[in-house]
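Just below sit the structures, each encoded as structure tokens.
What follows is subunit A paired twice: with subunit B in the first complex and subunit C in the second.
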Partner chain A sequence: MTTEASPPAAPAGPRALARQRRRRAAVRFWRQYRTHRAGLVGLAALALFALLALTAPLTVGSDVAGVTDAPGRPMESPSAEFPLGTDRFGRDLLGLLVWGSRVSLLVGLLAAVLSVVIGALVGITAGHYKGMYATVMMRVTDWFLVMPALVLAIALATVLPRSLGTVILAIGVTSWPTTARLVRAQTLAVESRPYIERAKALGAGHVHIMTRHVLPNVMPLVLAQTTLMVSGSILTEATLAFLGLGDPTVVSWGGMLQDAREAGAVSAGDWWYLVPPGIAIAGVALTFTLCGRAVESVLNPRLGVAR
Partner chain B sequence: MSTQDQHGRKRPAARIPRFRAPRLATTGGFVAALALTAALATPLAPAAQQARADDGKKVLTVAVAQSVDSLSPFLATRLVSTSILRLTYEYLTNYDPKDAHAVPGLATEWKPSADKLTWTYKIRSDATWSDGEKVTAEDAAWTFNKMMTDANAATANGSFVTNFKKVTAPSPTELVIELDKPQATMTSLDVPIVPKHVWEKVGDFSKFNNDKDFPVVGSGPYILKDYEPDSYVRLEANKKFWRGAPEFDELVFKYYKDGDAAVAALQKGEVSFVSNLTPAQADSLEGQDDIKVNDAPGRRFLALAVNPGARAKDGERFGDGHESLLDQRVRQALFLAVDRETLIDKVYQGHAVEGEGYIPPRYSTYYWKPSADQKLAHDPAEAARLLDEAGYQKNSEGKRVGKDGKPITYRVLCHATDPNDKAIGQYLKEWWGELGIGMDLQCLDNVSDPWLAGTYDLAFDGWSVSPDPESVLFLHTCDALPATPEDTGATDNFICDKKYDDLYTRQHAEYDPAKRADLVKQAVSRLYDTGYMNVMAYPNAVEAYRTDQIASITTMPEGAGNIYGQDGYWSWWSATPADSGGSSDGGGSAGVITGVVVGVVLLAGVGGFLAMRRRATAEDRE
Partner chain C sequence: MTADAVSAPAGQADGPAPAAAPPVRGPRARTWAGYLRYGAGKVGGAAVSLFAVLVTSFFLFRLIPGDPVKTMTGGRPVSAEQLAALRREFGLDLPLWQQFTDYCGKALTGDLGTSYQFRAPVTEKIADALPNTLLLTGTAFVLYTALGIVIGTRSAWRQGRLGDRLNTGLALTLYSLPSFWLGLLLIIVFSVGMGPVPGLFPTGGMESGGEQGFAHVLDVAHHLVLPVLTLVAVEYGQTLLVTRSALLDETGSDYLTTARAKGLRDDAVRRRHAVPNALLPTVTLIFVNLGRTVAGVILVETVFSWPGLGGLFYQALSVPDLPLVQGLFLFFASAVIVMNTVADLVYPLLDPRVGR
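Coming up: the complex of A and B.
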């Protein structure tokens, strides 16, 4: 990390120095991350999910989501041809499960990134400028914090046209306040350090301080927060899709659950329609949580792990 | 009640989603949540849960999902509301449950004058309002006069009285209606007759929803006792009903916004009747003990309505429907690309009949089907040819472009609450995609805003048709258009076609049944050719009821017909309670009790555990 003094190195340019320092930081990070067994398990599972989602066009292809040329009869039970049975259109559920991972992961990641970007922006500026601006921003944050996020997301998704972008937006703008508070606290801590004062004395402007000194210091926190936020976002995406607020023509895990419910799979006892997407959602959310916790315990200065 | 809107297009209430915890619950939280759910199960199960409640009352509970739009007979158009009004207000005539011919209601007999312009109805003297007053011809005359003089009172059933010249009641048992022109619907006036002494105190008929003062004074087989929006509607048997009191003491319409929840309630015996089952639900209920599945031809159709350029009666155009849809060839091409057989086979899994004309085959008198060369059968090649001919060629990317040079993408309104809309929408998207036409499926909880504003291109549309097709035919006349863009007309999707209007007017005035049927068929044929209303399917009525709670119930028509949403009050009036009622309640309440006990034990356990942990940490701290 940038705050730690790097040992004097052989004569080299400042850029090379910085690069060396970063490489060392990465190695140190990995060494510490390795000690968290749960984090490693999560990382491996995450790699598997990512691989499945990225190779889906090759393994199952986009045809799997087509309804007009669905291969089976509606609501078939599992068989050799369809290991997880078929859905209400006669589509292969295993294929849909793999194909649906793309949307679930994409929405989860983008929504988390959006949420953390908003949170970091608000947090850093509020921590830096203080005064009236900070008060206003923090009250806005408080307001979003006490609003039930799911209800707000539902309201947004209902009002806006149904599309993936809407879902991402709805999750992103409702889940940022915790990040904002966290980042603001860290910003305040960083800005009280003497070298910030020194930078100011040397004529550093607001933007320079925020981007060059504060941002690198809160970055670890932001990264950990993003990883943790992804699992929440995936769950919220599934929730919204399950409540019928997603784009009905897009295959996602939550959407599959909604389809199953609407087709009456619950009372018909067609478990193969309900259980796999449910497990997939829980599984991905769990892997992100595991990774996030491990990253957090390595990077978060407040957790004060082995320094 | 011909024109009930199954989907509640006019003013649908937002569906209420259940809360789902957005995050992984921690173990403690999860257990607590479980316990809470179990505890909540108690107040959720009402007293009127079984066919036989504790106080010996025989209660018939019906699961419904559609929200009530209004309980005022002058405003209500939704199926659930009009069904309730059928039960609470008697009409002049009713439909026979066997073959739907007119049978006496409040009127015991009726006869036209020689020129058929004056109709005299004899009003029965043995009917009373639920507050004890006698039902007289004066009540009926007042009801019709109100609809003729107050536009706000003509919202729901106005089409019946547009042609009335004068309605009088010379004596308490005689009602005389004078007409401007002959009118074919004089023995099927689907207008609830309201008590004058109650309703003459009402001020603004466009605002009065009849849902404040209970019990509501009525004359039907049931009396409206209580109503809580989206929760329940409670009706009590009218012991003084002239046709004979219903055998059930109470009829409760209970809300289940989720189909699976309603089915689970049926299985547990909390409700006696569930309608609108999905194929999977019907299959799973089939063959279960004490449950009978009724799968019969329905009285509904599901159509793809085209926005023909929204307009008002004053000629002003509004909305932004796609200009290409003004071309009949384009509309027909879109329908040619729809494979109805696949929809019946996959979406309805056989629980529907392929759609053709505007009137379902169940009404054989008026049923019309296109001849082989008139029929727009599934033919994508022909569809592509028609589009080419109309000048909508494919561009280099394979997308058809409109006259403005932009690729065509149609906005299709769908009801977010209807799973079939969404499923069919996915098929349409792919079929039209092959034609080179894009589609944006807009599934909304409330479709009425874009619908009334004309800001859509196509829409899923469905109406229940009654034995007399008058009202559903009226929906597509120029007369039904809103007066100005700000008004709401009776019109369905702004159709105004001269040829159709002409046929409508002629059938409206035709007394000879055979000639009238022929004119109706010509009108339906014309509607088919315009391509404005493309009927895709006639869905079956798929319903189920508990045989240990309902011993017998009348379907309409009696041979194979529906129970929910009939053209009369026959089903709920004729339902007889089963003697063995209550055999299922033991299991239900035992389940609830077990749930509560388990919940309490778990809560206590978690509480104890937390308390101990707290003490432990407190000690650690010190």
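Coming up: the complex of A and C.
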């Protein structure tokens, strides 16, 4: 019933065949993913968060972050008008929370992508080119692995101008080594297979082998790793913003917590100011972890990756 | 559960494989020579790593767009002579390579420059704050390691039961919470007081001042409770999970079947046979994860205004007080590298399979 979808007769070119095979792999993937209940919950929550973030301009509007013409009085407690109260400028905290999801998700995703791209690049090249290059690259990876990543990220963010780009760079540059090690191990496993030897015998060059044979095989691992990295990136983004190293002109969850602390919400016991951003951070991070775990456990048995 | 106890321990193959047929010498001599070679390799690697940290810290802080002297004066009206004097004071008028060699030489002799904001040597500020950090981190480290190992062991021994699932779930949840947020919440609940809970603990700092002798010790301990609680809460999950999975790797092993066949009680099998073996990978991972602990310490000290290195780091980066940030960066990174090297050196003494 599944694979009986009668492949079209002979004239199908190699491209069509590849496309068909990819589609079938996707269907198979989804069928296995569906059996992970936690993964489904994560996916549903992720869709919800994404929807909230994407529709924020319609639901709360960009002027929610404006300091002038704030709708309420400063530091109001929750009421019917402001379900989560207001901040020290009288801005609606619920609106800020929804608006802040955009920055947290954007930075989290981009930083994770940057980190995984660096990691995959280092991992594949270090696994492919052996000898001096690989040794040096793996030493560098180990060095980054041991370094306290947050301290390095803080140092970078302190030195560079305050902006979202800086935050993304600081997170991406410090969090790639685990990916590099995973990808390198997978690259070594792939390169020991006979078809790589066949490709070499047919005259395949380094770039061809890496992009055409190794990359498609490490891609699933890379995708799973990206999903898992997002939660770490979101947490680090919140941490940097809390330490005052984020972009001061945008609203983010970590920045809200820093504002709350500076406005004296802690000593005043205004828990409604502090609880929602933290739950949002932890919730989104958990969502990505659930999805990533599910993706990983679907892909790993087939890949035979030893972790 | 009992039937598959014979399954081969698959995860035993890690660690460097013993070389095939080593030259015939006394087993002890071979071990010690091997250990020395292994140790020299690790120390050499650490030296290279430390040098890399030095290079990074130098060039990272030369990336700053704009003039560090301008940042330092913070927009106040300063005359050109004053600027030049400051530049000379901080050695910013020299060529880059000379600045670098100067920097290395000074760093090696323990001179990390002068803090802009405190007008005091960075080394002095670090030395002042270090004992406080060690007190906080040491207390938390002992507690979370012990807690993680104890709960992790119990969890693994009763794998899949309700207790195991609750414990791993709780640990994972706490592990993924932002530590600074947890700290803020604890302050609101236990320091400020919320509803029926009165303010039990101080909101921050390390001492109220004025106490002497034993009262002072109690006062510091009182201030220590919430920061330590926060650190333990976010860190113990790591140890728990590592211990749990290390012990689960051992549960199928033949030697445990043997121990049981000898008629040992379940408790004795666990404590005397399984746990010592499972602790080895746990020790390594505790040290590998020190970087994460450093991050936790920085945030917890910031939230609780603890007068340690983390609190100092926060004060430094909000100015930004670059020499202090740079000095602390150097210190944190070197400390983690040194601790890891120590772990690498101790590990073969604990586990003879490694480092021959």
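Rule of thumb we're sticking to: the second predicted complex is superposed on the first by the 289 of 307 C-alpha atoms of A that agree within 3 Å, B and C clash if a C-alpha of one lies under 4 Å from a C-alpha of the other, contacts with A are read in each partner's own complex, and residues count from 1 in each chain.
Going forward, a residue touches a chain if its C-beta (ideal position, glycine included) is under 8 Å from a C-beta of that chain, and two chains touch if they have at least 3 such contacts.
As the structure is a prediction and not an experimental result, all values here were calculated from the model.
Engineer: Quick check on the superposed pair: does A:Pro248 touch subunit B, subunit C, both, or neither? Answer first, second, both or neither.
Structural biologist: The answer is first: A:Pro248 touches subunit B but not subunit C.
Engineer: Should A:Phe49 be classified as contacting the first partner (subunit B), the second (subunit C), both, or neither?
Structural biologist: neither
Engineer: Looking at the overlay, what does A:Leu235 touch: subunit B (first), subunit C (second), both, or neither?
Structural biologist: Both: A:Leu235 reaches subunit B and subunit C.
Engineer: Tell me the contact category for A:Phe82 with respect to subunit B and subunit C: first, second, both or neither.
Structural biologist: After superposing on A, A:Phe82 lies clear of both subunit B and subunit C.
Engineer: Touch test for A:Pro74: subunit B only (first), subunit C only (second), both, or neither?
Structural biologist: Only subunit B is touched by A:Pro74; subunit C is not.
Engineer: Just to be sure I read the superposition right, which of the two partners does A:Val266 touch: subunit B = first, subunit C = second, or both, or neither?
Structural biologist: After superposing on A, A:Val266 lies in contact with both subunit B and subunit C.
Engineer: When the two structures are overlaid on chain A, which partner does A:Ala285 contact: first (subunit B), second (subunit C), both, or neither?
Structural biologist: Both subunit B and subunit C are touched by A:Ala285.
Engineer: In the overlaid three-chain picture, which partner chain does A:Pro161 touch, first (subunit B) or second (subunit C), both, or neither?
Structural biologist: both
Engineer: Considering only touches as defined above, state whether A:Ala149 meets subunit B (first), subunit C (second), both or neither.
Structural biologist: A:Ala149: touches subunit B and subunit C.
Engineer: Where on subunit A do subunit B and subunit C both make contact?
Structural biologist: 149-150, 154, 158, 161, 231, 235, 239, 242-245, 261, 266-269, 282, 285-286, 289
Engineer: For subunit C, which residues count as touching subunit A in their complex?
Structural biologist: Answer in residue numbers: 45, 48-49, 52-53, 57, 60-61, 63-65, 173, 176-178, 180-182, 184-185, 187-188, 192-194, 203, 288, 290-292, 294-295, 298-299, 302-303, 313-314, 317-318, 320, 322, 325-326, 328-329, 332-333, 336-337, 340.
Engineer: Could you list, by residue number, the parts of subunit A that touch subunit B in their complex?
Structural biologist: 66-68, 70, 74-75, 88-90, 149-150, 154, 158, 161-162, 231-232, 235-236, 239, 242-245, 248-249, 261-270, 282, 285-286, 289
Engineer: Of all residues in subunit A, which touch subunit C in the complex?
Structural biologist: 139, 143, 145-152, 154-156, 158-161, 231, 235, 238-239, 242-245, 254, 257, 260-261, 266-269, 271, 274-275, 277-278, 281-282, 285-286, 289
Engineer: Within the complex, which stretch of subunit B touches subunit A?
Structural biologist: 14-15, 17-20, 22-24, 258-260, 263-264, 267, 277-281, 283-285, 342, 346-347, 349, 414, 416, 419, 422-423, 425-427, 429-431, 441-443, 445
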